[in-house]
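Both of the next two complexes hold chain A, though its partner changes from chain B to chain C.
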Partner chain A sequence: MFQARTKADTLKELIAIVSTLVDEAKFSISSEKITLRAVDPAHVAMLDVQLKKDAFEEYKADEVDLGVDVAKIDQFLRLARAGDIVDLAHDEDKRRLNVIVGNTTKRMSLIDTTGMTEPKVPNLNLPAKVSLNIEDIMQGIRASESVSDHVALVATPEYFELICEGDTDQVQLKLAKDQLVELEAKEKARSLFPLEYFSNIMKSVPSGTKLTFSLGVDYPVKIEFSIAGENGEVKYFLAPRIESGD
Partner chain B sequence: MGVDISQILHPRKISLSALSGKAVAIDAFNSLYQFLSIIRLPDGTPLRNRDGEVTSHLSGLFYRCINFIEAGMKPVFVFDGEPPALKEETIRQRSEARTEAEQAWKDALAAGEIRQAWTKATRASRLTGMMIEDSKRLLKYMGVPSVQAPSEGEAQAAYMVEAGQADAAASQDFDSMLFGCPRLIRNLAISGKRRIPKTNRFTQVEPEEILLSDLLGSLEITREQLVDMGIMIGTDYNPGIRGIGPKKAHKIIKKYGSIDAAVGERAIDPVESLEELRTIFLEPSVSMHEEFSWKDIDRGAVISFMCDRNGFSVDRIASTLDRVSKREQAAGLSTLDKWCQN
Partner chain C sequence: MGRNNHLDWTERYRPSNLSEIIGNGSAVKQLRSWADSWAKKRPKKKGAILVGPPGIGKTSAAHALANEYGWDMIELNASDKRNASSIDKVVGHGSRSDSFSEEGEFRSSARGELKLIVFDEADNLFGREDYGGAKAIVQAMRSSAQPIILIVNDYYELTRRASGVKKLAMTIYMEIPSANQVLNALKIIISKEQIEIPSEVLVQIAKNSEGDIRAAINDLQSIAHLRPDQMSEVVMDLGWRDIPPQTYQVLEEIFLSKDPSEARKALIRLDETPDKFILWVDENIPRVIKDARARSSAFDMLSRSDIFLGRVGRRQHYRFWAYSSELMSMGIAVVSGGKFDVYSGTIRRFPEYLIKMSQSKSRRNALKTLISKIAKEHHTSSEVARESIIPYIRSLCISNTEFAVELAMELELQPGEIALLLGVESDSDEVERIMNMTEGADRSSSEDDEGKDRADRCVEGQQLSLFEF
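The block that comes next holds the complex of A and B.
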């Protein structure tokens, strides 16, 4: 059994995050929370999300896995206006998820979850930690998009830096320690990431969000933030690009 | 099914990615029965194409192969041939149990007890000749080799590992160990979840590896003695000796050395067809000249077979196939995999 009611915005945020990496996803529902773990088809990025029952206005559930076509639900939620309420209900007999916005119900057939693997969360030792507001980094990311297809994230004891090196041009965004919410780095950490993935991930972060990067040297980055007023936790992992020789 | 020696085993957990690049001989019947058993609608009805033919096994086989290929594994499916004569009784019992379960499923459906129906239905699975042929066809289209065993698939798989044609055998049964398989992988399941028998609940399972040398070493016995233990406990070919489980069997073998010696000391009753049973495990009928290789997926053939012939959604099959090709394209890109092998 699964029945829940929530603000459309909460659900939109969740779906925006999930759809950055996958088209189909397995939501594991329990009496306390909804969790989802997914890896993109190329295994470059992983997502680990938890949404506690307190993120919902009403929430009743037993343990069940729902295979959802994320694009379909995203499309339907676009019809909801800010402040709208969305009802979700699992129809076990017909194997459907019913989504109700206002007076409209969309009955979506669920996807068989047998083929969906549950990826393992990587085991990482990431020495540097940077917390900042999403607004403070977006400009640098947008500026990088026309310059190269990869971007370096650098953390030192004094500053955080995003550098994008193209063939002819360069973009640099530098935030000193006092411009950051938090900076913890004993020595310099630097890794290079595919810009398309990084940019899509950052665009899924709701505005006004404080996020944390955990970084190492040529290591994946862990990107963490809260959604739904601290009732949801999002963790992304993005594999680095290993720089060749030079 | 098979001999139950789980109590005395100490398997080692491994991850699917640890099998990357490894050739794994998979007990095909064992897998197909699993698919037929669990891939069902909530009321227990299996998946069917528009001609009403069951397609649960094809769905399972397709997704499992995709997951294996994605993990970089090289699967080879080994199909059973003629069962040894001694297996007749077991086969008859299984067939009877299926007929009973089928009736119980229909009764539960008629009574509207959906959960009960599902449980019963999972035990009523039958594997037909056509399902086997279709499975082999799908494997061919997916570039995954299959091997036809002259007799027991597990014996053939064990031989292939011994001969170095494969790195490990995969099965849920322990019989492979009795057949002398040096390395057995269990729980090589699709989603990391497996149904708890006779319920509708699932438990998290991880692949595990059992080495014959470890098993014999920890029990301090020979393979011949392991086979004698299996015969006392009971196998697919004999009922075993009443009241003897793995621990007791181990004690008897440690004390007397063999079944004959134990019988001589009147510790146990004589075992019928003892030599024939030993031969099944120690000199199994296997084919030594099977050649096989892995090929690229024939995308068009898979889609036509799965979608046109068997009614699966083109979108889903195509997007799943894309997963593999995207994976290959991204080969140059660094992935998270090497950090996920914890």
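The block that comes next holds the complex of A and C.
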């Protein structure tokens, strides 16, 4: 059984995050929270999201896995205005998820979840930590998009830096320690990442959010932030781009 | 990949190691040397093209390679969207970055933990949906930092569209395994499944497969639920590798795919007429669709489809096959597609109808000849003979052995026909006794004409006596 009621915005945030990496997702629902863990089809990035029951106005659930077509639910939620309330209900007999916005109900058939694996959260040694506001980095990402398809994230004891080097142009965004919420780095950490992934992930972060990067040297980045007023936890892992050795 | 809970035997017994690949020693050697070339530095040949006919283990070799070398693996099949942008998204990005495995482990290429990108049916990029696909493969391969395997049936079809791959990839030809090698593979499977299958059945399956191991394993699984005598019936008598190997794939599309149009396309590609294929759908509906209401609407679709088959039969208007096909593919897919938790392995039951028809073949033939003999004797239609005369003759034969013997002589009845009249098996004692008696009577009486008259009188006389009731 699964039945929940929430603000449309909370659900929109969740779906925006999930849809950056996967088209189909297996949501594991328990009496306390909704969890989703998935690796994207190219095996480049991974997502771990948890949304606690407190993020909902009403929440009643037993343990169940729901396979959801993310694009379908995203499309429907776009019809909801800010402040609208959304009801979710699992119809076990018909294997559907019913989503109700206002007076409209969308009954969506669920996806078979056999064969959808649930990855474990990787245990990575990432010594550098950088916390900042999403607004402070977006400009640099937008500027990079026309320059190259990869960005370097650099953390030193003094500053955090985003560098995008193309064939002819270069973009650099540099934030000194006092411009950051937090900076913790004993040595220089630097890794290169695919820009498309990084930028899509950053665009899924709700505005006004404080996020934390954990970095290493030529190693994945962990991107953490909260959604739904601290009631949801999001962790992205992005694999580094292999530096061309040709 | 260590997922051994598959009900589909072709998946369950996929080789986990290159040494388990059937035959193909030199192809395996080349594949290993290509894989080894990745260990030191990024090699010039970033790709390998595995070439060979369907079902001989190309995909299995790619999986086994990834498993043996401990590489992560991503796969693009014909069922995935494969236009330029989606190829770039998966192959392009995937090949230039390090990897998270499906289990959530980080794989660093710097530590030799690579990601194998397997592009299945790479010669099969068609139409608008796959627009620009071939070019995107070449581009992705050029900039790749990860090993890529392209799997093709037709090397020239691939290089015609994507000539650039010739320089970027090593071409490895896989050979068709012999019937003996296929047989050995089948034997391993049945010993692991702990089932018994007569060895002549196995030999026949291996022979029928013509080296297509996947087809052989599918065939094996499709008969595994039968009794041994039924098995030999199916395999020996049904002319059975007339079943195109893609039959199972089409069934999977119909019952499992989320996109009904995929089911339709799969059936169009299948080299089988709808009047035959409908039996497969019919056989498998109850096994896939558990929900009673859905099952009923699936059968409803199938019966509509069958109506068109009937019209094809009556009017010889074969255009109706199109409607019939669409109802049995898209129609069922709309009801079933992706909504039921079914392993693809369960969808491969051989239609029981065909088995029963084959088993009753001699009986049906006997009935046909019996009817025509009696109809001729009574100067009547076979319809009348079947409906009005045979029931009486049947009860007469059962109660009156002498009559049965005379009738048998008169109409030169065969054992099968006598068995039908007596309502017993054709190899039973009663039939044999009557046959012996006709032979004995044959020798003793030479006056054939008289015998004929008597038989006629007999029939009429006895009929009258029955009417008296």
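Annotations for the structure displayed:
The rule is short, and it goes like this: the second predicted complex is superposed on the first by the 243 of 246 C-alpha atoms of A that agree within 3 Å, B and C clash if a C-alpha of one lies under 4 Å from a C-alpha of the other, contacts with A are read in each partner's own complex, and residues count from 1 in each chain.
Throughout what follows, a residue touches a chain if its C-beta (ideal position, glycine included) is under 8 Å from a C-beta of that chain, and two chains touch if they have at least 3 such contacts.
Model, not experiment: these values are computed from the prediction.
Look at chain A after the overlay: chain B and chain C clash there. In the superposition on chain A, contact is made by A:Ala42 with both chain B and chain C. In the overlay built on the shared chain, the residue A:Tyr236 is in contact with neither chain B nor chain C. In the superposed pair of complexes, A:Ser109 makes contact with chain C only, with no contact to chain B.
By the document's definition of touching, neither partner reaches A:Phe56: not chain B, not chain C.
Of the two partner chains placed by superposition, A:Phe27 touches none, neither chain B nor chain C. Once the two complexes are laid over each other on the shared chain, residue contacts for A:Glu196 go to chain C alone; chain B is not touched. By the touch criterion stated above, A:Glu92 is placed in contact with chain B alone, chain C being left untouched. Comparing the two complexes, residues 39, 41-46, 93, 95, 111-112, 114, 117, 119-122, 124, 194, 219-220, 237, 239-242 of chain A contact chain B in one case and chain C in the other. Considering their complex, residues 37, 39, 41-46, 93, 95, 109-112, 114, 117, 119-122, 124, 193-194, 196-197, 218-220, 237, 239-242, 244-246 of chain A touch chain C. Residue ranges on chain C touching chain A, taken from their complex, read 41-42, 72, 74, 89-91, 93-94, 96-110, 115, 143, 145-146, 256, 258, 291, 338-341, 343. Residues of chain A that touch chain B in their complex: 23-24, 39, 41-46, 92-93, 95, 111-124, 194, 219-220, 237-242.
Taken in their complex, chain B has these residues touching chain A: 15, 38-39, 41-42, 59-60, 62-63, 66-67, 114, 190-193, 316, 319-320, 322-323, 326-327, 329-330, 333-337, 339-342.
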